[in-house]
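Here chain A shows up in two complexes: once beside chain B, once beside chain C.
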Partner chain A sequence: MLAHIASEALSGLQGHPVEVEADVVAAAPAFSIVGLPDAAVQESRERVRAAIVNSDYSFPSRRITVNLAPADLRKEGPSFDLPIALAFLLATGQVRNGCDGRGPLAALGELGLDGALRPVAGTLALAQSLRARGVRGVVLPVSSAPEATLVPGLEVYPARSLKEAVAQLEAGGGITAPPADLRALLAATPDVSADLADVAGQQEARRGVEVAVAGSHNVLMTGPPGAGKTMLARRIPGIMPPLTPDEAIEITRIHSVAGLLPDGQPLVSRRPFRAPHHTISSPGLVGGGGSPRPGEVSLAHLGVLFLDEFPEYRLSALEALRQPLEDGEITISRRLASVTFPARLMLVAAMNPCPCGYLGDRERQCACPAHRLRQYAARLSGPLLDRIDLRLDVPRVAPKDRRFAGGAESSAAVRQRVIAARERQVARLAGSGVYANAHMSPRDVRRFCPLDRDAVALLDRAYERLRLSARACERVIKVARTIADLAGAETIALEHLSESLTYRARDRGER
Partner chain B sequence: MLGRNVRVGRGELDLIVRRAGVLAFVEVKARRTTTYGAPEDGVDARKRRQVARLAELWLGVRPWALRGIEDVRFDVVAVDASICPPGVRHLPGAFTLDG
Partner chain C sequence: MSADGGVASADALCVWLGTLASWRQGFVMRLVERFGSVGEVLGRPPEDIVRHATRRARRVAGGPRTPGAKGASPEAVAGEDASDARRFAETLAAGPEACARAVRRRPSGDSVIAWCDPLYPAQLRKLPDPPLCLFVRGPSGEAVEARMTALALVPSIAVVGTRAPSPYGEDMARMLGRDLTAAGLIVVSGLAFGIDAAAQAAALEAPGGGDRPATVAVLGCGADVAYPRHNARLHAAVVAKGLVVSEFAWGVRAHRWRFPARNRVMAALARGVVLVEGAERSGARITAGFAVDLGREVFCVPGEAGHRLSAAPHLFLRDGAKLCESAADVIRGIAAGAPAGPDAGRGSSPSLAEDAVILDHGEGAVRDVLRALQAGGMTVDELSRRCGIPAAKAAAAASELEVEGLARRADGGRYRLRRR
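After this line comes the complex of A and B, so read on.
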């Protein structure tokens, strides 16, 4: 007899419909799975066999053929265990499908040998895709259910085991999980990020970080060891605007596909802060693999990617960053698949001024020979530095400032100003598809960045004197736009542009 | 009982039996000593493949043999002749086409 169950496969973040068909006939016994299954899907046979027997169903000695259609799409991972088992039980007549006339139910889930259901990576993206193609509901593991309930309109039928999944199917959808309240989940997120008030001194760097966050600009902090670069960086998510529901869903999709959602937490409700070690490979950073997986740039989507010891990263990794920094997404092409992951992130890089760390320090002598300095600086290519809008000096804290640690402004106060500046940007950029000044297109820059007469004159002089590239010039204007937004001004004035230029002038060669 | 020592091509199926809706191809393996393992262990991957292939050939020219049949099995009957009287173990569904 023949039976089928709907399911879904993922390629990157994109879901594709998969029909799981099972055919059981009296012939020499065999259990085969066809339809371009990978190793994990082939192993599904053993899990399904054991789960069926251990759930007190019978596994008759017949020829069982399971087809995963369409046959040209590569099927990966263990999430087909449940639909295969259900299709098999339907085909052998041990289970009756209760969905007749009500629209079919899809199924997803990995089976344990005892019939227990295990969670599935990428549930959110799978559920969204099921909903988008009009599937009524889905039977899935209880631990994946909260994620699926984030998709409005999709009926979610959780099951702890194969037996419970069968009960849901026979009832045509029995006990449903209530839809999640996205706003309540976001509102209930406690603010645990470290406070900017802990950072002693560093008035200029603090201001620079505020500007960077307000316009989502990339920033490079340079300073001796122990000055507070890492401390500042870790406090950046705390001064970013709170996540909107749509942003939270986007981030959750990526983290879910990467299998990084913590147990019992269906939603990523804080901005990501990713700080990969400098030994990371370029596929690790931008994503890759035979069936491409998101890299750190995508995991930092709508959050912060912090690269400490910036020049120590592999050249290939740093250069691979250029395209996602420019486009806000990364396309990974492999033999079997080409997928696009979003990567709209704020890059926060930190480095020492030289290998020993004390170049330009007020009290300590730099011990680096000249050729080492050149080598160190040369590791960062011009095109990469060009994409970093703000260069900040984070000098060693003066003794009097160190004692006053704690008296500094809190994250909450800075965040208020950032939110106000972002609101101005969102209102201005409405309809252009971006939400922050850093992501404006050249056309947006011409439209939204009016400079007053003094500012135009200064920009012309700076363009010649600092030998800025056209892109650098555009980025200077974007940063000036953000500074004006922080000040609540609609036209970019001389003071905004000159502050913006100070963040550029600390360039290689100009120090 | 449908056949004993049935020759198919150049191979031989030890027993072909049916009861109710079950058709079974039985491989009988006897050993006089367990020094080299139990008799059922002697039905190795090559032997299993051979029996399965012969069964398919046998069924291929006798489609009517499947009439009224629901389950088809490959069984092993192990005869341990190291003890007296010999021990006989029946292992229903000992293997399938895919191993």
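After this line comes the complex of A and C, so read on.
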């Protein structure tokens, strides 16, 4: 007898429809799975056999063929255990499908030998694409259910075990999980984990970070060890605008595929802050693998990617960063699949002024020989540095100066200004395909960045005196645009441009 | 042993011994100690010297290596030492005449000036262990001759300091290099990173003229070796417009012990030494120390109190060195110390009087920030506190000053006033 169950396979962030067919005939006993299964799917035979027997069903001595259609799509992972088991039980007539006439149910889930169901990575993406192709509902493990309830319109039938899954199927959908209230979930999490009020002194760096976030500019902080670069970076997500429901879903999708969702938390409700160590490989940073998985740039999507000790990263990893920084997404091509992950992130890089960390320090002598200084700076390529609009110096704050620092502003206050500045940008840039000043094209810069007379005069002098390149000029104008937005001004004035000049890149030879 | 058998000329003997000294630390000094004086050494037959030198060489080769050699791997050091030992042995075996012929067989701008040559700088003869020959590189043989003659007549000033200067130190070195040269003196330095390079690059651009070399570089490696490599272009420019001088043979690589040796030549060659910035332990301090021993004037550019790069200059200032705020101080100082040469500017040239920075500019925050910076380098945070304005405003004002060329931002994010 023949039976089938709908399921879904994951490729990148995208679900693809898979039909699980089971055929049982009276012939020499065998159990085979066809349709490009990978090793985990092959092993599914053993799990399914044990789960069926241990759930008090019988496993007849027949020839059993399971086909995962379409046959040309590679199937990976253990999430086909449940649909295979259900199709088998239907095919052997031990179970009756109760969905007749109401639209079929799909199934996802990994089985334990005792018949218990285990969660599935990428549930959100799978559920979304099930819904998109018109599937009525899905039977899946209890622990994956909250994630699936984020998809509006999809009926979610949680099950703890194979037996419960069978009950849901026989009832044609029994007990459903209530749809999640996205806004309530978002509102329930305080989105400021660390407050800017904890950062003593560092007025200039705080201001620079505010400007960077307001325009979504990438930023490079330079300062000796212990100056507070990491502390500042960790507080950046807290001054970014709160997540919209759509953004939260997008982030959750990526984190779910990577298997990074914490237990009992179906939704990523804070902006991500990713800080990979500098020994990371380039596939680890931008994504990769035989069946491509999201890398750190995608895990930092709509949040912050913090790269401490920036020049210490592998050259290949740094160069691989260029494309995602430019395009806001990363396409990974492999033999069997080419997938695209979103990567619209704010890069926050930090470095010491020199390998020993004490160049320019008043109290300690820099121990670096001159050629090492040159090598250190040369590790960062021009094209990569071109993607970084703001440079900040973060000097060490002496304890006595820390006392002077006084009450620092809280993240909430800074965030209010950032939100207002972002709103101005969104209104201005509407229709140009970008949402923040950092992403303006040269044409947008000409169109949206009017300078007043004094500012034009200053820019001309700066161009000449400071020997700015055309590209550096453009970055200075973009940042000035953001500063003007923070000030609520439509035209860029002298003070906006001159402040922007302090954040420019300085090469060591500049006089 | 001399391949020519017969008696070697004094000139060839000088070149031979000078070349040998390139690979043995304190070689000449030991010969002088053994035989009494340079004259005595040169009066000896080469066989005597060889006997003494080789005995010494064996002892050095078997003895402990000079401590240090930081940064180089033991293999590299051993390889370098072995190649030095090989070149020493080859030169020794070649004998005076053959060696002299070999080192002189060079392009026309490469000259070897022996101790007994009239072009040999008289100042160096007073050293207890003078270089027995100088390897000099210039644009052509005639130019080297003319410029060496000028070097004997015109007072020269060594400008030395740290390899990693603060912007202030670099500005001062540049100003001194330019103004001393414009005033008709010769700037001598070591072509290292930092102060040396700044002073010499400025000297090359200053107005000069005649046979006077624009600047003289004294190296701790062969005069034909551009070290540090980064300064290769500057090295070439000095060869074209000035002179590159070394007591070490052609092609000899830089090594730790050769730098103090070079510093003693630099101090001896110059009428005075200007110390711009230097840490407590630094080559610049060694140079100034030699200058004190040789009775040369030492001038120090004062730095910020307590700053680590102020350590060396302030040490000498405490011991009675002369204060140097501009080239005029140096010119006055050497004029008072000894009768100046024919070209030395008496009094100050017009450009020397106006080295003050502009103290009043702009209005509002820009003016406040400019005034605040007169108290020294400051970060934006410090400026903001001092002027009572938000950090964003202070940053904006400081960068306006930067665009106007009145201030600059240094490593560590400090703004400083710029010297003219």
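List of remarks:
Just so it is clear, the second predicted complex is superposed on the first by the 474 of 511 C-alpha atoms of A that agree within 3 Å, B and C clash if a C-alpha of one lies under 4 Å from a C-alpha of the other, contacts with A are read in each partner's own complex, and residues count from 1 in each chain.
Methods note: contacts are C-beta pairs under 8 Å (C-beta built on N, C-alpha and C of every residue); 3 or more make two chains touch, one makes a residue touch a chain.
Just so it is clear, the structure is predicted and the values come from calculations on it, not from any experiment.
With both structures placed on the common chain, the touch criterion links A:S498 to chain C but leaves chain B unconnected. In the superposed model, A:S61 lies in contact with chain B only, and not with chain C.
Residue contacts after overlaying the shared chain place A:G360 against chain C, while chain B stays out of touching range. Set against each other, chain B and chain C touch different numbers of residues in chain A, with C touching more. Applying the stated contact rule after C-alpha superposition, one finds that A:E8 touches neither chain B nor chain C. Once the two complexes are laid over each other on the shared chain, residue contacts for A:P29 go to chain B alone; chain C is not touched. Look at A:D485: by the touch rule set out above, it reaches neither chain B nor chain C. The interface of chain A with chain B does not overlap its interface with chain C at any residue.
Chain A meets chain B in the complex at residues 26-32, 60-63. Note for the complex: chain C touches chain A at residues 71, 163-164, 193-194, 228, 230, 279, 307-308, 379-382, 384-385, 390-400, 402-405, 408-414.
Interface residues of chain B, counted against chain A in their complex, comprise 22, 25, 52, 55-56, 59, 66, 69-74, 93, 96-98.
Taken in their complex, chain A has these residues touching chain C: 201-204, 206-207, 222-224, 353, 359-366, 369-371, 374, 393-395, 397, 401, 404, 458, 461-462, 465-466, 483, 494-496, 498-499, 501-503, 506, 511.
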